[in-house]
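Structures are listed in the sections that come next.
Heads up, the next two complexes both have subunit A, just with different partners, subunit B and then subunit C.
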Partner chain A sequence: MIKLKRTPVYVFSVIAAVIFLYPLLYSFFSSLKDNVEIYNNSVFSLPDVWRWNNYKMALVDAKISRAILNSFIYAIPGTFLCLVLSLMIAFVLSRYKLRMNGFLYNYFAIGLMIPVFSLMIPISKVVGALHLFNSYPLMIVLYGVFEMPLAIFLITGYMKGISKELDESAIIDGCGPIRLLFQIIAPLTMPAVSTAGILSFFDIYNDLVWNVILISDQNMNNISMALMSFVGQQGSSQLGPTFAGIMLTIVPTIVVYLLFQEKVEKGLSAGAVKE
Partner chain B sequence: MNKRKAYGAIAILLLPGLLLYTIAFIYPAIQTVYQSFFDWNGIFNVPLTFDGINNYKEMLDNPNFYRSLKNVGLFIAASFVLILPIALSLALVVTSRMRGKRFFKVAFFIPSILPLTSVGLMWQFLLKSDGLVNKLLEMFGLSSLTHDWLGEPALAIYTVVVVNAWIYCGQNMIIFASGLVAIPDEIYEAASLDGANSFHKLKHITLPLMKEIFKVFAVLAVTQSIRVFGQIYVITGGGPNGATDVPTTLLYNEAFKFNNFGVGNSIGTFMIVAALVVTVLMNFLTSSRSRAKKKGVQA
Partner chain C sequence: MKVMKKTHWTLSLLLICSLVLSACGSSGGSDSSSNGGKGGKKTQVRIMTRLSGSDLKSKAFNELLDKFKKENPDIEVVNESVNDETSYNNKFKTAVATGNVPNIWMNYGGQSFKVYAENIAMDLQPVLDEDKAWSGAFKPLFSGWQYSDIQGTFAVPMEDSSVAIYYNKDLFKKAGVEPPKTIEEMTALVEPFKKIGAVPMLMGDKENFRGGHLINNLSFKRFGFQKTEDLISRKAKWNDPDMFQLFQLMKDWQSAGVLGDNIVTLDSNGTTAQFLAGKSAMLFEGNWAISQLSSSDMADQIGVIPFPYFADHPENKDVWFGTAGGYSVSKSISGAEKDATIKLLKYLTNEDAFKYFAQATKGGTYPVNVELDSSQIDPVTKEYMEAQKSAKTFLSEIETYDNIPSLQDKLRSEIQGMFAGASPQQTADNVQKVVDSNH
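Entry: the complex of A and B
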């Protein structure tokens, strides 16, 4: 550890913290003001009257409450699907010496490299031809699959480090491969699974592109879409409720981060390998 | 283990994921390449018509395509001249012994976990001619520096690049911090005994030992820049006049705005090939160098 000189480091840190946090704080105060106040007030002033009504407008008129629920409806089962499938594949890749293992690993690694946006035209074409627009199950499966390559990468790496002696004694005790995976190996792989899970959750929860092209029913919009269309309708005519909408979509993410701080940070540095 | 039984189990474990991944990921990727040689207007029961390499010609004739490549170049450049030094400095701060470092870590990191759409829209409002940024400039007597940050074609892409740095510095800080923590304290202590000051330690211990992390950062910077989408789509939509277009927004606009699905697919193919080439090339470069280093150690 390098010893840094105290005062300059504090000055630097405080300036940096202001640059990173102040825009959010300003948006929060703006979310409680009306247009007149936003335009006329100094940039550091508190609201004259705290207009919590702006939040009611965002929740009800912009359907942000519904959108937050939708984002969870996509993200929780999508993450679960991704993790179960990835665990099964990682188990094969790390436990069985098959001739096709190398090929399989590279086959899934392609998913780490190919930008998922390049798939939007063929996917929208197939989904359109099958009349599957506006389907929760379809979205959940797609999201789950798109998160698989990274999860497989993280979980296989971790699973390889778990002693194979465990398997042998379990098999001698008459434990089949599937029970072995889910009852013995999977719990031991939890650190990697939860890292992959957090990453997938954030990715799906915040998705923009798939919601744009595959969902047209407003009641199925996730947070990104609901916010985009709310801002599109309001423009600058109602800045307060717009900022309220922005704050509402930001808060659940911050809560999840603060709850799982260590996992999120570990996840992002591990996820770096993907992007 | 009974061989036949094991094969059954392998099939049960492997097939569902393999099948879904092939259908939802690999098949569309192949279709992107295949359909890039066809014309299609986006109506589902109208068949594709073979069009040779015309989509590629159209892609290469579009001046916005070159601008989109230049813009990706700007994102890559900004990763090295803007994000890298800031993120590394932040990482040095949060891994130091200073008081309050936990608070600072959270503060620096928060932007990179927020929904891209939400912070994108937030910045859209803060950067308007009557938004926060210009108000601050006026307050500090810098009215001459105020701009329509997202409305001026020559300026807009730089504005978005800086907002992008605001978003991702924290994430890169975490990556650098994980590298810094891995350097054993004993090395620094030994250096102190030899009379090294902080700058010497940074130059001769920290930076050399962070080599692997810098490689990760480099791969990240390039591949992440190729896939930039949300930032542009939300903040400027590629405007004004295509000034902030990147390949992904170009693909989206060609296909879903102008119904040029063929050209969209040729841009998609270009992105797939570029991403594969860059990843393979960078893996090759970084692994051959570390192989050479290992050899050097043995010799």
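Entry: the complex of A and C
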């Protein structure tokens, strides 16, 4: 009886799994086809010839492996920087009663509303004046700072829900503000930090605009730039190797997701219910 | 104590990370540090093109740059090329806005380039006059960078683009028809090809430039250059009976099934893929498609014809739609930097360079006449060159002669709208509205 009751759930789960896995499967099969097969054969068809050479092209011609490494070089320290700074700001905004707090919170939140394209020229001008084109540290700082508004918004909101009695008892026991933040409050804020971290990481990992404008050294291209290697001058592109590149670039993201799966899922529902 | 130790560890780790990254950054950033030869003996030349990626032409371009670097160890070439059009435009416009214009950059000239000619591009006429051995080899493709009210020539051609029709010889044989010579023959092809499960000339206008190319071809074959002159001098209108009939013709082709039934959602890759799969008998495409077509299994089955002409206007039969891409040079450079830049410019646009491109891509058409051993040329290039022999005049898009920068975008998106359902009259009226609102 119980088993019968569960049947619809299983059926729904299978349908959902098929729907969600289909794009991945489509990308995988397309990564082994050429343009003629991709456009003319059925979307469910297997490749006529399994073109593993597409993967070789992605790795050699588009230098995907180097691009993945670069994306990590931008994304890991960028996310780390963003989270450390955002945690400290969120700590002040949520745990201290300062007059400026309302203004500061709005100031950071406004960052969420500024479109990235409006920043292209002023930032390029500053970077040009400082001769910092093609610089990893610059890109890391830039990415980290761009992701801060959302991280501050998420972390501050979550931190406000943590009881202030914790702070008081810690201070009575002689705890300083740095230790209070990083050893007591930060672990409790982990669901929000994880969410902000994951969102920032993928945002930086997939960026295109800033890499186009501030990077001209092809050895510093990130994955979005590398994936454009197979686009020709008039829009014609070799889709097989492009899909192969996409498959290669999503592997690390799946690994990151699986490693932090629990935290991401917790983070997504963080703050949904007040305890 | 434990906490202190942990803090030290964390700080040390951070320090190491930042040092490693700074080292990486400075090696990558050496491009800018040696700017103008300040940091060392090398003179830096920055070049921005759309030749980047894994296609044969881009590879040949990179090889040429490498050869130049080897032959000129005192010149440091920074290649800032991006192939994607939007990304290229973003990068170039940002560079201009920040005063960081590359020494050499690629563009397509025309009226939309005039503002650059006036402000940032160097007049290359003295350079051309000085070295006749180099400049004398070019085909007459400079008009896109010359203006009646500004003295000078603001680029040298680096590629020669034209648009023709590729056709599948096998399919035409199967359908028992001949490739069309006149516009009037196009509609008659629908039925014979329908019987063998194909479309006469499948068109994908998802990227919307294809519709723009089509109306330009029709206008040149119907009116020659006269209508273009009248449109830019405002004597004629985009919604007058002449132009309206061209919009109507495109709509009629769509309704009759000449262009397939999926115009707005099909892109260029899809169109080419379906042509190669034998689902479309013809492909309306530029010479940039040659390398892709010639590397396909059916390369020997591909023929090339000029765009058909109007039976009652044979005088425009040999007018071709064609344009050139060129290299412009920043006018803010001088001294050793200027010398190095001009040296690279000549290196990339001399006869040897184009011969190198032709050999690397096994064909193609170039801004200079490249003599190649016929055994080295692919069959599609041969067909293309044969068809192009008939060309007497090459005309660029009408919009490039016009001084309204947004006209091209508007015309192309309105045509896309027409294929999606708008009426030809409404389309023509909307294009004219853009012209009217600018005066």
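The criterion applied here is as follows: the second predicted complex is superposed on the first by the 193 of 275 C-alpha atoms of A that agree within 3 Å, B and C clash if a C-alpha of one lies under 4 Å from a C-alpha of the other, contacts with A are read in each partner's own complex, and residues count from 1 in each chain.
Just so it is clear, contacts are C-beta pairs under 8 Å (C-beta built on N, C-alpha and C of every residue); 3 or more make two chains touch, one makes a residue touch a chain.
Just so it is clear, the structure is predicted and the values come from calculations on it, not from any experiment.
> Touching A:40 in the superposition: subunit B (first), subunit C (second), both, neither?
Second partner only.
> Which holds for A:188: it touches subunit B only (first), subunit C only (second), both, or neither?
Touch partners of A:188: none, neither subunit B nor subunit C.
> Is the number of subunit A residues in contact higher for subunit B or for subunit C?
Counting residues of subunit A touched by each partner, the higher count goes to B.
> Does subunit B (first) or subunit C (second) touch A:88, or do both, or does neither?
Touch partner of A:88: subunit B, not subunit C.
> Would you sort A:162 into first (subunit B), second (subunit C), both or neither based on which partner it touches?
Neither partner.
> For A:132 in the superposed arrangement: first (subunit B), second (subunit C), both or neither?
Only subunit C is touched by A:132; subunit B is not.
> In the superposed arrangement, does A:175 touch subunit B (first), subunit C (second), both or neither?
So A:175 meets neither subunit B nor subunit C here.
> Touching A:208, do we find subunit B (first), subunit C (second), both, or neither?
A:208 contacts both subunit B and subunit C.
> Once the complexes are superposed, what residues of subunit A are shared between the subunit B interface and the subunit C interface?
Shared contact residues on subunit A: 39, 120-121, 124-125, 128, 208-209, 213, 228, 231, 236, 239.
> Spell out the residues on subunit A that touch subunit B in their complex, using ranges where they run on.
By the definition above, subunit A touches subunit B via 1-6, 9-10, 12-13, 16-17, 19-21, 23-24, 26-27, 39, 42-43, 85-86, 88-89, 91-92, 96, 98, 104, 107-108, 110-126, 128-129, 141-142, 144-146, 148-149, 171, 176-178, 181, 202, 205-206, 208-209, 213, 223-224, 227-228, 231, 236, 239, 242-243, 246, 249-250, 253-254, 257-258, 261, 264-265, 268-269, 272-273, 275.
> For the complex, give me every residue of subunit B touching subunit A.
1, 5-6, 9-10, 12-14, 16-18, 20-21, 24-29, 31-32, 35, 40, 44-45, 86, 89-90, 92-93, 95-98, 100, 103-104, 106-119, 121-123, 125-126, 128, 130, 132, 135-136, 139, 166, 169-171, 174-175, 178, 185, 188, 198, 201-202, 206, 216-217, 220, 223-224, 226-227, 229-230, 233-234, 248, 251-252, 255-256, 261, 264-265, 268-269, 271-272, 275-276, 279
> Taking the touch rule as given, give the residues of subunit A at its contact with subunit C in the complex, in rising order.
35-36, 38-40, 57, 61-62, 73, 77, 120-121, 124-125, 128, 131-138, 140, 179, 208-209, 212-213, 216-220, 225, 228-239, 241
> Which of the residues in subunit C come into contact with subunit A in the complex?
Within the complex, subunit C contacts subunit A at residues 3, 17-18, 21-22, 24-26, 28-29, 31-33, 35, 46, 50-55, 57, 78-80, 82-85, 87, 90-91, 94-95, 97-100, 207, 267-270, 272-274, 276-277, 279, 286, 288-289, 292, 296.
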